[in-house]
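A, B, C, D, E and F are the chain letters, set down in written order, and residue numbers restart from 1 in every chain.
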Amino acid sequence: MTSSTIIDDLKKKKILALLKEGQRIDGRALDEPRQLTIDTGVIPKAEGSARVRLGDTEVVCGVKVQPDKPFPDLGDRGIFICTAEILPLADPSAEPGPPGEEVIELARVVDRGIRESGMVDLKQLVLEKDKSVVGIFIDNSVTDYDGNLFDACSYASVASVLSCKLPKFKYDSSNGSVSKVEGEFSAPPITTIPVSVTMGKIGDTIIVDPNADEWSCMDGRITITTNAAGNICAVQKGGHDGFTPEQLVQCSKISIATGAKIRDILKQAGGS
Amino acid sequence: MGVKKTDIVLLDENGIRCDGRKINEPRRIMIKAGVLKNANGSAYIEFGENKILAGVFGPRDVHPKHLANTDRGILRCRYHMQPFSVGERKNPAPSRREIEISKVIKEALEPALMLENFPRTVVDVFIEILQADGGSRCAALDAAAVALADAGIPMRDMVSACAAGKVADTIVLDINNEEDQEGQADMPVAYMPNLGKVTLIQLDGVLTPQEYEKCVNTALEGCKLVYEVQKKALQEKFFGDDAK
Amino acid sequence: MTSSTIIDDLKKKKILALLKEGQRIDGRALDEPRQLTIDTGVIPKAEGSARVRLGDTEVVCGVKVQPDKPFPDLGDRGIFICTAEILPLADPSAEPGPPGEEVIELARVVDRGIRESGMVDLKQLVLEKDKSVVGIFIDNSVTDYDGNLFDACSYASVASVLSCKLPKFKYDSSNGSVSKVEGEFSAPPITTIPVSVTMGKIGDTIIVDPNADEWSCMDGRITITTNAAGNICAVQKGGHDGFTPEQLVQCSKISIATGAKIRDILKQAGGS
Amino acid sequence: MGVKKTDIVLLDENGIRCDGRKINEPRRIMIKAGVLKNANGSAYIEFGENKILAGVFGPRDVHPKHLANTDRGILRCRYHMQPFSVGERKNPAPSRREIEISKVIKEALEPALMLENFPRTVVDVFIEILQADGGSRCAALDAAAVALADAGIPMRDMVSACAAGKVADTIVLDINNEEDQEGQADMPVAYMPNLGKVTLIQLDGVLTPQEYEKCVNTALEGCKLVYEVQKKALQEKFFGDDAK
Amino acid sequence: MTSSTIIDDLKKKKILALLKEGQRIDGRALDEPRQLTIDTGVIPKAEGSARVRLGDTEVVCGVKVQPDKPFPDLGDRGIFICTAEILPLADPSAEPGPPGEEVIELARVVDRGIRESGMVDLKQLVLEKDKSVVGIFIDNSVTDYDGNLFDACSYASVASVLSCKLPKFKYDSSNGSVSKVEGEFSAPPITTIPVSVTMGKIGDTIIVDPNADEWSCMDGRITITTNAAGNICAVQKGGHDGFTPEQLVQCSKISIATGAKIRDILKQAGGS
Amino acid sequence: MGVKKTDIVLLDENGIRCDGRKINEPRRIMIKAGVLKNANGSAYIEFGENKILAGVFGPRDVHPKHLANTDRGILRCRYHMQPFSVGERKNPAPSRREIEISKVIKEALEPALMLENFPRTVVDVFIEILQADGGSRCAALDAAAVALADAGIPMRDMVSACAAGKVADTIVLDINNEEDQEGQADMPVAYMPNLGKVTLIQLDGVLTPQEYEKCVNTALEGCKLVYEVQKKALQEKFFGDDAK
């Protein structure tokens, strides 16, 4: 491990030295995300799916749509659940087993960013109030790790949902059973396209979309999700250092500007 | 009787909120330091209807040892809800929500602690929600920071937390349970008041860029109010009633 | 750890030496429990609650009352479940995680003492036979450890139940749903007040309500629960040494006498 | 046919119990020592309808090592029910009831074992309930004690267990399944017959102080009967049929 | 551990040396299974049961028969589940706790061998199509280990099922409840008797029914189950070495021949 | 469209199967080596509708250390299905089926690896089923073997896997999902083509001895076809498009 630690140390020093001159280790501008490539429909058996590459981070996402019972007290809306998992082949340090706090935070932040934006109008997913609703289950699997899983999983989720074909279900009130109407599909009820933008803070420099090298030496982290109207719909700060109030405002502006560009890519990928 | 939840008036024409508070008025906050005998430091907070106990152990040896860090002490944090703390009995096993909150609280406290002084050790912060209300993660943080100070852990600054949010299209301080359920946005914030750094910020709900900025600033005003209560609690613990 | 072990050793020798002269380390008589303080209603959102201090042992207990399905073959009685947990802030040696055998025994003994006494008439908690009953869930959380959790949790449970306001539920036989009648409450159907008394055996001396120092050096342990009629309704022996038959009778007498005094404190705290 | 459980006559006018026994009569007890090839010691017991297998390993190294005790050997005990041992199929994962019984059995055996002779080691006792009836914890203890002796673990005394209880307002020896379900009290007791010490006692059900004392004494008489069966089992194992 | 390793090494060398001369360490012929002893009805409270000894390997098996809901999409057949567990008293190296991959494979292979043979006609176990069926739960507990648990558990399962008394259940279509008809029993609907034969490969020698010493030094393993018609109904290869295609055919022939002999023993034990 | 599953014609009068294949014709197979950046070796396979990713790490240190073997490297294998890989969403926790398949895949790969060269280390093979179809364990093995070669782990031989089975009383190559559900037998086989050894064989379903032998041989023919695709994938990875 010693030699790898020395290389890590050298890399960290390099990153810090470059940032002082406003440069990044991979040549990007401070507010420039990595190249984003999206393929949808990669899992034909799933109702929606996408493979997303954000730099060298890769995520495969699949959507399953199934009838379900609504949550208690939420009988007037469908179910929408977004998960994330780092597959053990994505990273030498990943281990099979129950998710740690990092992965739980990842899944919850991705889920919340999309949910709080109201992207999918869950009220249109009710088959029978309080009895039966449509559930949309979005599972993200990270297959290659190069930092910033928050945005990669968020984009994969959004693209999968945009590309999703919603089967038609029929509720039979005589016996409470639900059946699928073969061959009938519709687009999901989309209201907006949320875009997550994650920024790292190294020293006092804010960088957009940190790669794995930057991720491992950053002091703080903030993920801001914006909707199509340019409003902010979710924020999550992480990392062992704080942000000044001014930096928080700066980050919100970056997230709106960068979000708008990425929203165009997502729209195109989703075919809408 | 017959009044449905959604009929609650969150903000009336006089700018008065559903629990009688003004827009910039926090709920009642009471903190007591040093309430436990076994813990190295502890605090009890009542923040609105929140009732929360925090206990700190450490710096102490790390078990299992391979988790120890040779450069600095590590901080562990557990935010845990009692089964009876909420309306419907809660399963005592930690939920994914509790695990996430534990993590953000840990990261909100870490910048304030001089853990570099205690390599190979761990500081454990245990937070027990006895009764939950809106804003429990901020109240938990406030108690935990006082418990850390009570335990004598060297700190760069206090950490003071308070939420702001959007209710009836208005930015208000310190969201309560009803406002959290029925309101438009909730933004918990933790702040190191002397270093001027935000160590926790989350947001659920939609804000315009202007509202976002106002919401942050409103929450920071709340953090400063909390800070005074935290200081008072520690003074009372260490200097007795004379400090009042 | 060495120095603490030496202190523990010295303390143990002191305890044994004092006991030979019929004295205890904190000055109590052999059959004298520690001061018992009970505050009820400390968790207003719970239907019943109490904070109990027994010496420096502290327990917070909350009661939730909810409609539930009855257990199979027990369709004519409500559900009554009592749990206990040692919170990690209660004791430097406590760890978060699933309960060990010590805590499982604690919870089961507390539960059984109250259940076997018939304190709550479970037959009065039936909403619709075999279909729907009222469940009373009593959760004890130890917040500060100074020995003898058995009695502290038992007193906290009893006080919480005594202070409990039972909501009124209505069973709708047309669809099997249960609804709460807002604003209507009653006292739970109490038939007796059980009192648990735990005794330690150090050498051949029996002491009542051992504190943490005594607990760590005792050889055997017995918890005897008595009801208001002065009868014995539950016994649990623990520890790595045995009791003579005579000691078992001696302990039963102590538990009846001490139980009567504590029952008065519980009655007062419960407001009955 | 048409007879409901609650119609069982637990004790008739002649003092005869539902299974034909007298008040002070135990069920049939059969113990065989040394029934397993791999275990260091073992025993099989049939006690009424209970069918129980006990196996002992040790003294042997402790894994993980940090559980070892430098002063004395440790005893571990697992009481475990087979899925087919009861009326409704039981989930094979250990229940809270099984964990508690494992603990009280361990503490009932511990006083009889000279574990101080074997520091840093562990003795493992594994008890498998093949078929369960009333009084399974006592029967399990009886088999476990014989298995420990069969394994050659030095013992201060045998441990012999038998329950007594209250049925139809009468104290009776060795409660069976129906008496446990329909009766008024059940008191399992374990006893070291030569040292005169009770190493397990539990009670579920209500007894007057007088009944309590009588119940203890009735159970002790049962323990002494069991002790004879245990001795016979060991003699047959070590000295063959001649010992009969 | 050193001395035991040396003995193991010596034993392994002995086994290999003997096999070169076509002999086995316990004197058996290469294709000769150990003595098989079967007692049925050993657990009277279970609907079926057996204790099986195969050499010094011993298994106790019990069958519980209970009404259950059918699996989705399998509403026209009963439930048949076979499990296996190595009890910790069976073997010094066995540990209590959740099953490892060895035991999971054991249980699944035993289950599949019997299931794929169609031994029990599950279509005759339907109480009400799609609503209620009879479940047969077969639990194997290994009580003494001397190798080849696959065959021992399989024989115990088959003998238990053959000896099983199936209670009669009545489905009440008015409320969907199921009740047992007291005192009425039938034999399970048996169509064939499957026999599992496990062979080990040491070097290039195939041996039937390896004992623990042989098991610990074999290179490959194959379990072949045949039915009463002499057809092959399940195969599972294990171990860290492969088989030549010719060996696979050789093993299939051995399994048919050996299976026929063991089937007679099973029939007798099951009383059919 | 009113057509029920059971109306599928698995084999028509012209010997054509439900997906248009002939009796000895495998589904489309596409393998790509070296598709992941972090893994030491990797491969992606499409085999019919199966879409599977395999990644290899190692030889590397074993954690926890007591699992290490001083004589040879150990091989660990995980076969894992994505929640979205099947019709109904699958719980991501490994099922008993996945654990068994992981074990037989490990044992099918082991004979081909020269693990004796790497004592005290572990080679980890992680297989992720992105989309499942009939024969996923064979396809998984095929990808895993290529990933091991891609990682540069010394191998005695390739491992190539393909199933055969019985459908409409006929032995056919490479069972698809419908044939697996509705057919009479399924026999997955893995083969070291140069060493001539079968390293995995399973069978579900009934075969006469003659059919059994034919089924093995049919599967072996499939394995040889797969072997060519595996070699091509590695050539393309290491020698580029020229290799085509």
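Keep in mind that, in the parts below, a residue touches a chain if its C-beta (ideal position, glycine included) is under 8 Å from a C-beta of that chain, and two chains touch if they have at least 3 such contacts.
Predicted, not measured: the structure shown is a model, and the values here were computed from it.
Participant: Among the remaining chains, which ones contact both chain A and chain B?
Facilitator: none
Participant: Considering only chains that satisfy the touch condition with chain D, which of them also satisfy it with chain F?
Facilitator: Common neighbours, chain D/chain F: E.
Participant: So which chain is the furthest away from chain F, centre to centre on CA atoms?
Facilitator: That would be chain C.
Participant: Among the chains here, which has the CA centroid at the largest distance from chain E's centroid?
Facilitator: The most distant chain relative to chain E turns out to be B.
Participant: Whole-Å distance, chain A centre to chain F centre, using C-alpha means?
Facilitator: One centre to the other, that is 32 Å.
Participant: Measuring from the mean C-alpha position of chain A to the mean C-alpha position of chain D, what distance in angstrom results?
Facilitator: 58
Participant: From the mean C-alpha coordinate of chain C to that of chain E, what's the distance rounded to whole Å?
Facilitator: Roughly 48 Å, centre to centre.
Participant: Should the pattern of chain-chain touching be classed as line, ring, star, complete or other?
Facilitator: Graph shape, chains as nodes and touching pairs as edges: a ring.
Participant: Under the touch definition up top, go round the ring from chain B by way of chain C and list the chains.
Facilitator: Listed round the ring from chain B, with chain C adjacent next, the chains are B, C, D, E, F, A.
Participant: Could you please specify the touching residues of chain A with respect to chain B in the complex?
Facilitator: For chain A paired with chain B, touching residues are 101-102, 104-105, 107-108, 112, 116-118, 222, 227, 230-245, 248-249, 252-253, 256.
Participant: What residues on chain F touch chain A, complex-wise?
Facilitator: 1, 36-39, 42, 49, 51, 53-55, 57, 60, 78, 80, 82-89, 92, 94, 124, 126, 128, 130-132
Participant: Which of the residues in chain C come into contact with chain B in the complex?
Facilitator: Listed in rising order, the residues of chain C that touch chain B are 42-46, 49, 56, 58, 60-64, 66, 83, 85, 87-92, 96, 137, 139, 141, 143-146, 182-183.
Participant: Within their complex, state which residues of chain D touch chain C.
Facilitator: The touching residues are 96-97, 99-100, 102-104, 107, 110-111, 187, 192, 195-209, 212-213, 216-217, 220.
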